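Presented sequentially are two complexes of chain A, the first with chain B as partner and the second with chain C.
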Partner chain A sequence: MDVTAFIDRELAVVDYLFSVDKYEEAVPHLQNILQQNPVHPQALFFLALVYYGREQFEETRRLCVDALVNGFDKEGAYGVIAAAYEKEYRYPAAEEAYLQGLQANPNSAVLHADYARLMMVTGFWDKARALLNKAMELEPTNQNVINAMIDFSFAEMDEKKQREAIQSLMENGSDEIKKIVKLSLYHHFKGDYKQAREYAVQAFLMDPANRNLLALVEGCDYALHPLFLPRRLIGKLGGGAVVFLAIFTVLVLLAALNLDVILAIVFYSFVALVLYNWMVAPVLYHLIVRGKDPWTK
Partner chain B sequence: MDKIAIFKMMLEKDKENYEAWFLLAEEYRQRDSLADALFAYAKALEKNDPKMREMVIRGLRALTEGGNKQETAEGQADVHGLEPEQAVSLEDITQGSCEDIGAVILPSAEMQLSREDEGLNKDKEESKKAKIRVLEGGKKHNVVSIGDYLPERVTFADVGGLHELKKTIEMKIIKPFQSPGLFSKFQKKSGGGILLYGPPGCGKTFIAQAMAGEVGANFFPVHISEILNPYFGVSEKNLHHIFETARASRPAVLFFDEIDTLGYSRLKSGSDLMRSLVDTLLTEMQSINMNTDKLLVIGATNMPWDVDPALKRPGRFDKMIFVPPPDKEARKRIFQLKLGKRPVAGLVDLEVLAEKTVHYSGADIENIVELAAERVIDSIMETGVERGITMADLLEVIAETKPSTLEWISIVKNYVKYANQSGLYNEVADYIRKYL
Partner chain C sequence: MQEIDLYRPSLTKKWRPVKSFNIKSFILIAVFGGVIPFIILGTINARWLRAPGKDISLFVSAGLLLEAIKWLLFLQSSHGVIPVDYGPIHIGYRIACVFLFIYYYQLMKKPFHFYLRTNGVTETLVQPGVYLIALGLLIDFASFVFIL
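Presenting the complex of A and B:
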């Protein structure tokens, strides 16, 4: 039997399985390929991705290096090596991998974008911004670049940038679920929990086995629960800081006017409100929701 | 009966039947199917048994010698051109009249095939004459073969318990399949595929086989490795050909196990190949005429939410049937089946075993028996006293394991909680209400 033909066919199967998110199912086919050719670079790289999914990052990197040694594309391999380090919070090593990847491939938008995200996470904002700008220049419609843009806009709490980034995702992204999730997050951020929940539910129904999506829906349910009505009101009034300042001003005023009784009432109500919002309500919520449904454990 | 099919069946029942792996390897070797033989030998080696090792090494040695032979034979074919009996025309292949559809087409030939296909309209006569070189053997990694027939018929008698499910299948599927005339008289559509869904390891594949047995049809399991091909457009053609072949041997049941792979939701993947395969599948399914085709399409999946919505619409997989975790009677039967093949000591009370394994899947029960056997082997090695599996062994293992179906059920429970407007998972909701 012709080995090359066999490998090509198995590779087609693996390719397909990856495209439908069935990574574990691809493993026997990868093993078939590696049995014929233990240094098949593409197969080694695919296997690295499987291990990445299993959260076995050491093995991921080892396989990426194997793939590299056997001639696999540096952009892909170094990107995954870096990501594997990031997952283990080994940021300097991750940076090193990005730099090596960029050295081999100075015009990689993906590596620039992912590197920018690393810099953002580690607090090097200026560097992050410069890298992201470069990535945008290289390939503004690339999925990784857009994702980095979105994360950036969220971290900077810049609503206008968020809107732009989301818009770009809608136009260029291919993963429907990811799009909807970002829309949900965007509305959540704006305080429009109802809309956020609608998107979150939509995403969850497309992939109900995904615990993160369930958590997203539950997060919206949490924010929308009647127990948190006072908290939402405070949000509408401009947030905790504004309300606190306002109350504080009132207290000072009352003290100046020597209205001690009213001052005491306002003060204790305020303390009670704070306690309710941030201690009583969450505890009650968990008692009620968990009590009702032991399945959401 | 094809030996390979028999060994595969044995292995499907028990992946750790190393003797079967070895025999399968031997069979592949004799058919010069190098890669398959290697794979099966490697599996047999996992037994970690010196005797097996020796046998495998012997087999491998024979394999390398045989392999050389094959290579030279191939070389000769290149030099001397094609032997008449080795050559098959393109027409033979596309019309499915090629006798050995399990043959392996070489890549060069295959490229030729796709190229010739492109040129088919331009120069029909030329391409008709095009000869394709075919190597014998290699039942698995072929272009046009579809799954092996089952060596034995499985019927509903083999499926324990689950009376309600069996009745549903009887009414909704088997009767319409056997007497489509009655349905057409009343203008009732009897076509469309069936989608079996439910938690993993609860007998979907098994029940699909039994269904084929019940309707007395040929059973064609379809694996994606038989469809996918690196050359543009060939995968779709393979899929089409599978339907054609099934039609040619009607009555037939085409079985797409793990249909969420081939029919993955197009919302969730950007793969062009996947999209066009789903399109092909849709077209093929809609072109089935139940009255004349006698072709039943069954799909099975653990993840019905991953199946493309278009595939669940009328005329496609429009009958969704929930295969629940085995009920008590089914669990008894599964214990009986799985223990039947092994030495058992003393009284084993199936009733008690079934009672203690609520929510356990068929695969879970298989695993319990497996673990109990391991325990016994350990104890024999320790004490040197030979004995069979006892009730106590089984109960201890049950105490240490957990049912695997609850995770799946909790997913559906959440799904139903947030949306079940379409009533898609009503059956599961009923099950949850009844048993949980």
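Presenting the complex of A and C:
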């Protein structure tokens, strides 16, 4: 068989395996390609992605540089180099890689969006906003850009932008499961656990083998369970510190008014509430609920 | 608004990772520790969160003003200028600390929420909290000794 035709066939197989997230199964095919052409840029890049999945970031970067040297697309390669640095918390190096990528490809919406994410994590929120606006200008329907916009609008507590970004995701998103997961997370952040659970279950039913989706459903179940009702109420009242202070104030007032019986009742109720919330409820949940849940068996 | 150069590196040698305590718990420092520990902790946290310098200055000024008013009232009370005992001044001071906390929370709500959504983990407040509350109690004790 002709070498070029062989490489094309193997690349098509690798492409398919990557599209269904079977990265490790693509390795023998990539090795076949690299045996025929050790500097094949696309194969080097795909192999870099496999190493990225294995969390071998040094090797990921080396393969990306090899792919770049041999003419691979700079947007993709620099993006992965930067992401590998980010995974190791080497943020200045990640920024340098993003800037090199943007210098080579100033109109890359994906690099702008990924760089914006880095700026979000490192605390440069104004710059992140500006980068995301630029990414939206360049490619408003790109999935990565929309996802970054959704995350940014959640962080910024901007309801209008959240609605716009979710709307854009529904119109332009290609992966149905990711769309539904985003909707679930959207409702989870808003504290609407019931709706979040419904979306999480939908996503899980579409891909029942995915343990992350199961964890998402379990997370919603945990938050929604009646055992944790007092904890949810405390959250709505402003958190543990605020409730503690309120109870403390009430105790001081009752002591000042010499209402000893009520003081004792309030004090012991408060101690019982603390013990229940942070010790009894999690243990009961684990013993009763998880034992009966068919998904966790 | 200042123009942002998108393509100039931001993570220079001066850059420090963004981090934060859970600012909701600062109410305990404010009430039990008083203004000085709250100002120390609040300023450190605001700097970690890269809050605008103007907001930090406003918070520190408000705190120092409150502390100055407390001292003034204590001194006037000790010299018999105002017919109020230490107790009500002390309670009023603690209530004012709660308002100072609410003000701080409003200033830091947005950067803190942003931090939580993007980084997700807060620093533990137990050890610095205990030290700062102890410092606050020490300041209170010293002020009573000084006045009496």
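Here is the rule we go by: the second predicted complex is superposed on the first by the 228 of 297 C-alpha atoms of A that agree within 3 Å, B and C clash if a C-alpha of one lies under 4 Å from a C-alpha of the other, contacts with A are read in each partner's own complex, and residues count from 1 in each chain.
Everything that follows uses one rule, which is that contacts are C-beta pairs under 8 Å (C-beta built on N, C-alpha and C of every residue); 3 or more make two chains touch, one makes a residue touch a chain.
The model shown is predicted, which means the values in this text are computed figures rather than measured ones.
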Chain B versus chain C as contact partner of A:Gly123, first or second or both or neither: second
Touched partner set for A:Pro38, first chain B, second chain C, both or neither: neither
Touched partner set for A:Gly191, first chain B, second chain C, both or neither: neither
Contacts of A:Glu96 with chain B and chain C, given as first, second, both or neither: second
Chain B versus chain C as contact partner of A:Gly71, first or second or both or neither: neither
Partner chain in contact with A:Thr4 - chain B first, chain C second, else both or neither: first
Partner chain in contact with A:Gly53 - chain B first, chain C second, else both or neither: neither
Which of chain B and chain C A:Pro230 touches, first, second, both or neither: neither
Residue ranges of chain B in contact with chain A within the complex: 32-35, 38-39, 42, 70, 104, 106-107, 110, 135, 137-138, 141, 224-225, 228-230, 235, 258, 260-261, 264-265, 267-271, 273-274, 303, 305-306, 410-415, 417-419
Contact footprint of chain C on chain A as seen in their complex: 91-92, 95-96, 99, 102-103, 112, 119-127, 130-131, 134, 151, 154-157, 189, 238-242, 244-245
Parts of chain A lying in touch with chain B, wherever the complex brings them together: 1-6, 8-13, 16-17, 19-22, 25, 29, 31-32, 35-36, 174-177, 201, 204-209, 214, 217, 293, 295-296
Contact footprint of chain A on chain C as seen in their complex: 4, 6-7, 9-12, 15, 17-18, 22, 24-28, 31, 49-50, 98, 110-111, 113-115, 117-119
